[in-house]
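First subunit A sits with subunit B, and in the next complex the same chain sits with subunit C.
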Partner chain A sequence: MIVEISHFLTILATGLFLLSGLFATFINNTEYISNLIARTYSHAFFFLIASFGLYVWLAATDNFSVLYIASHSNTNLPIFYKISSIWSAHEGSMFLWIVFLAIWGFIFNFKISQSNPLKSLTLGILSLVIVGFLLFLLLTSNPFQTILPIPPINGADINPVLQDPALVIHPPTLYLGYVGFSIPFACAIAFLIKGNSDIEWELMVQKWSIMAWIFLTIGITLGSWWAYYELGWGGYWFWDPVENVALMPWLAATAFIHSLSVSIKSKKLRVWTILLSILVFSLSLFGAFIVRSGIIDSVHSFANDPERGLYLLGFISLIIITSLILFVLRFSKIQSIERIKRFSKESFVSINNIFFGVLIFSVMLGVTYPLIYEYLFNQKISVGAPFYTAIFSPIVLLACIFLIFSVDSKWSRRLKSNLLDLPVVVSTTSSAIITLLFLYFFDINDLYMNLLIFVGFLIILRYMFEIYKLIKFRKYINPFSAIAHMALGLLLISISLNSSLSTERAMSLKIDETVKYKDLSINFQNINLSNGSNYDAIKADLLIQTTDGKSVKLSPEKRRYFTRGQITTETAIHASPIRDIYITIGDQLDDGSWVVNIQLNYLIRWIWFSAILMSFAGILLVITHKKSTFTFKKSIS
Partner chain B sequence: MKLLLKLLILTVPISFLLMFFVLLTEDKSYPGADYDTYNFPKFELETLAGEKIFNSRIEGNDLLLNVWASWCITCRVEHPYLMKLKRQGIPILGLNYKDEREDAIEWLNKYGNPYEDNIYDYKGSLALDLGVTGAPETFLIINGQVVVHYQGEVNEMVWNEVFVPAIEGEGLF
Partner chain C sequence: MNPTRKKRIFNILIVLLFSISGISMILYSLNTNLDYFFTPSELNEKELSSSKRIKIGGMVLSGSVKRDGSEISFVITDYENSINVIYDGIVPDLFKEDSGVVALGYLRNDIFEAEEVLAKHDENYMPPNIEINNDS
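The block that comes next holds the complex of A and B.
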């Protein structure tokens, strides 16, 4: 009964969102119409939220008459996994996706004043996007389907690798990021439809865009961390197709928020900003398409159904093509008359926009090339790390060099060449010395890695000087943007050192056997069986001693889950700021020994720390953001 | 220049979208079929009957290798079709996968034995080398080389669409 109410509320919400979207097509925006849109949206939103709330309740109370819940949950699960099972597969996670989309719109509706000339139209566009996805949900992936008349006594269980706290929050965070960019997108489209270049839509969406960027950054970081300790992948990034479809919107979003701040400060790069806002949202939708159409095999892909893929592709194409045609038509209106001065801050940002564009395009090629190849030659190939490293290393390096130049540059003015300025000299020489020391002590033989370490330190030191100037001489600089860029420097250094220093080895060990690996001596003490609430496990005990006498005990496990018979690897990690000792256990060999895989991952914690630091800087940026005083002159409308 | 830029902005995404349309509507009725050719991996195991069996059983031969287990429901569904293939005179070698010997023998006695021999792979080591992800899976081996690897149930339709073209090319059986 409750599931039918929930289903009905969603249908009702779909109708109301459609109405709200249709009202927005009355362009002559009277106060009456815009109030109508705002209210219709709110009502639709409340119906949708109520529907989702009921659905959560159904999942929490083990209502297995709902097919989706019966297939993905189980009475043995703790309550929060029962709830998170909603987003462990396609239908439920799509539902959550739409709810988040609607939430962003609701907050937008609540925060932005009714007198804002873009508000109604933006809300209308958002409503239409929501309708498109709700129809997708209801028509092709209905989570409300029931098993009647006799529901099963117990559910089929959530996939065990998904029974993890990080996974309870990883998808929602990522979704919040993806759909968050619907706000700048809808605003940009509203702006293009209005075609009045005096409206400052950029200022209006800055805060929203940074927030969405924060969610996306945290979401990707969580995913990376989860793959490391839960999936036993043993690294932080694998260029898996689905990681890549999350990376593309992130790159686009990063370019977008930079371009956005240029457009706000100097009214330039508006064409770029609009194009990027369309690109970010398109890539987010594209990500949803890739994951949900089953076109790519990946750990993330949901069970596929060609109908779903076609619907999504059609809907996304509609959105992308309409927005691009609109963009091309309004191109001349939004183009700024003033040319960008050479060596001004704007010029550096626009150059980096191009670099970001190249990176996105390469990732896109990397994702699609295997598909094209398989289509043409009927052979599976995969594009892996070497391809991406070859492209990312030089381009990131170049982009960082322009970033360093931009530190000294001014808005709308040429950069004066002050190469002998004290901060420049000090930071360059000390970065060079540090890099050479690293090269000497750690014997890093890859040129790009050395250069990236150099650039990483240069960025950090350069911004340290800026922060010093801010404190000492009150020279204006945004301290949070400085922190975010220093985090980028840290990220480059940690990635370079991690890839240069980390090692791994697989060895076969018998009980009581001791082997040496690098500075470690590893003693295989024991292996035993243990039982969890819904799995059996084999647990190995290894005692690891370093040469300076410290010892740690690590116990990697292999688990077999009852309900699905799936076998998972539980890694054992000894974490420290310098390096992680990362151990997984494999199969038993015929001679009774066990395969033990050991990895030494250097500075891997710093990679996630840098990403978190970036997001943290973003959060501070949002908190301290000036109230986006909307400066639209009434006289113009 | 500006026109070119506008055209580019429109055509690049549209061509990507079109490409995805083509990829998505491509006929993927047999996603389990893989046509890579490679040598059969080395192995040294026992048969279900307890005799030693090595690569020599495969080398230079043309046959079907069917991965099955008594616990596998789909194998039971597939079984009558394998019996039919046997009657057509197609040599089938079984790879009994992660199964108890007694259960497997009982299963064969109960339902009939379509296999010439059965490799008993209790630990799944040969299956691992072959890239088996579950039962049933079927390999077409021509002259000791794997030519087709099919994941899932083999039935009349799969046989005609996936295996027959590869066999006809060689003029076998």
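The block that comes next holds the complex of A and C.
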């Protein structure tokens, strides 16, 4: 009964969102109409939230008459996994996606004043996007389907690798990021429809865009961290198609927030900013399409369903084509006449925007090339890490060099840089010395890795000088930019050192046997059987001693879950700032020994720390963002 | 032709030149870095150099898995042709006999030296291009 109410509320919400969208698009904007749109949206939103609330309650109370809950939950699960089972598969996660989309719109409705000339239109466009997704949910992926007349006694359980705290929060965070870019997108479209270039939509969406970017950054980082400790492969990034479709919107969003700040500061790059806002949102949708159509094989992909793929493809095409037609029609009105000065801050941001474009294009090509290639040549191929490394290393390097130039540059003015400036000389020489020391002591033989370490240190030191100038001479710096870019430097250093220094070896060990690996001696102490609430496990005990006498005990496991019979690896990790000792256990051999895999992952924690530091810069910007900059009174001059 | 138009055409040409050379560089690096995917039967029909990294997909032949220290050898088959694979490392949790597998590595003297062995994280996964007849 409750599921029918929940279903009905969603249908009702769909109708109201459609109304709100139609009001905005087809009727001239009077105050009465804009109040009507705001109110219709709020009502639709409350129906949708009520529907989702009921659905969460159904999942929490093990209502297995709902097909989706019966196939993805189980009475033995703790309550938070029962709830998170909602986003463990396609239908429920789509539902959550839509709810988040509606929440962004609701906060927008609440925060932006009625007098804002773009508000009603933006809300209307958002409503139409929500309707598109709601129809997708109701027509192709209905989570409200029931098993009647006799529901099963117990559910089929959530996939054990997904029974993990990080996986409870990773998808929601990522979704908040993806759908968050619907706000700048809808604003850009509203701006294009209005066709009045005096309206500063960029200022209005800056905070929203950065918030969405923060969620996207944290979401991707959480996914990377989860994959590291849960899957037992030991890396932080695998260039899996699904990781790539999250990376593309991230790259586009990063380019977008840079371009956005140029547009706000100096009224330049406005055309480009609009294109990027469309690109970011389209790439978010493209990600949904790739993951949910089953068109590409990946560990993440949901079950294959061509109908869903077609719907999403149609929906994305509709959005992109209408946006671009609108863009072309309005192009003459929004074009900026002023040219960008050479060697100004804008020029460097523009150049780096091109590099971002190249990276996005390359990742897109890597994701879609196997499909194109198979269609043309009837030969299956896959594109892996070597391609992405070959593209990313030189491009990121070039982009960083321009970033370093931009530190000294000014808005709308030519850079008057003296190459013999003290900060430039000191930071360059000390970075070079540090890089050479690394090269000498750790024997890093990859040229790009050395260069990336060099620019990484150069970025950090350059900004440190700026911070010093801030403290000493009160010279203004942009603190968010400084933190985020220093985090980028740190990221480059840790990625390069991680890929150059990390090692791995598989060995077979008998009980009581001791082996030496690098500076470690590994003693295989014992193996025993243990039981969890819904699995049994083999647990190995290894004592690891370093040459300086420290010892740690690590206990990797192999688990077999009862309900699905699925076997999972539980890694044992000794984490430290310098390196992780990462151990997994394999099968038993005929002679009674066990296969044990040991990895030494250098500086891997710093990779995630850098990403978190980057999003911290964003958080800082959002909380200190001046109130006056989002209200509209000042910005219309 | 007036000078502004001349300058504009020149700029467009520069942009075109850069884009074309950029795209061809990306495509070149794509073509040198991609991995071909073969089933054992397809492998039989082709001559391959041992320096090319490839992927082989199929089923693990039952009874073929042998271990020696940390090294494991097994046979990937599509029930028409098969290939011997050796690998040094831990095979994934879902690796078992009569189950789908993908190996990435190099073919040397009719033995496939794998760098990486993957099993799809799905019990019902079947590698592409293989039709299973239930008798085998």
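In the analysis below, the second predicted complex is superposed on the first by the 622 of 637 C-alpha atoms of A that agree within 3 Å, B and C clash if a C-alpha of one lies under 4 Å from a C-alpha of the other, contacts with A are read in each partner's own complex, and residues count from 1 in each chain.
In this text, contacts are C-beta pairs under 8 Å (C-beta built on N, C-alpha and C of every residue); 3 or more make two chains touch, one makes a residue touch a chain.
Values in this document were obtained by computation on a predicted structure and should not be read as measured data.
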Three-chain arrangement built on subunit A, subunit B and subunit C clash or fit: clash
Touching partner for A:S263 - first (subunit B), second (subunit C), both, neither: neither
Contacts of A:S508 with subunit B and subunit C, given as first, second, both or neither: second
Residue contacts on subunit A - larger count, subunit B or subunit C: C
Partner chain(s) touched by A:V358 [first = subunit B, second = subunit C, both, neither]: second
First, second, both or neither for A:S610, with subunit B first and subunit C second: neither
Subunit B versus subunit C as contact partner of A:V383, first or second or both or neither: second
Contacts of A:T568 with subunit B and subunit C, given as first, second, both or neither: second
Subunit B versus subunit C as contact partner of A:K558, first or second or both or neither: second
Partner chain in contact with A:T584 - subunit B first, subunit C second, else both or neither: second
Which of subunit B and subunit C A:L324 touches, first, second, both or neither: first
Residues on subunit A lying within both footprints (that of subunit B and that of subunit C): 379-380, 587
Contact set on subunit C toward subunit A in their complex: 22-23, 26-27, 29-30, 32-38, 55, 67, 69-70, 88-91, 93-94, 104, 120-121, 123, 128-129
Complex contact set, residues of subunit A against subunit C: 161, 232, 297, 299, 358, 361-362, 365-366, 369, 373, 379-384, 386-387, 390-391, 506-508, 558, 564-569, 584-587, 589-590, 595, 597
Touching residues (chain side subunit A, partner subunit B) in the complex: 275, 282, 289, 293, 295, 306, 309-310, 313, 316-317, 320-321, 324-325, 327-328, 331, 364, 368, 371-372, 375, 378-380, 587
Interfacial residue positions of subunit B with respect to subunit A in the complex: 2, 6, 9-10, 13-14, 16-17, 19-26, 28, 34-36, 123
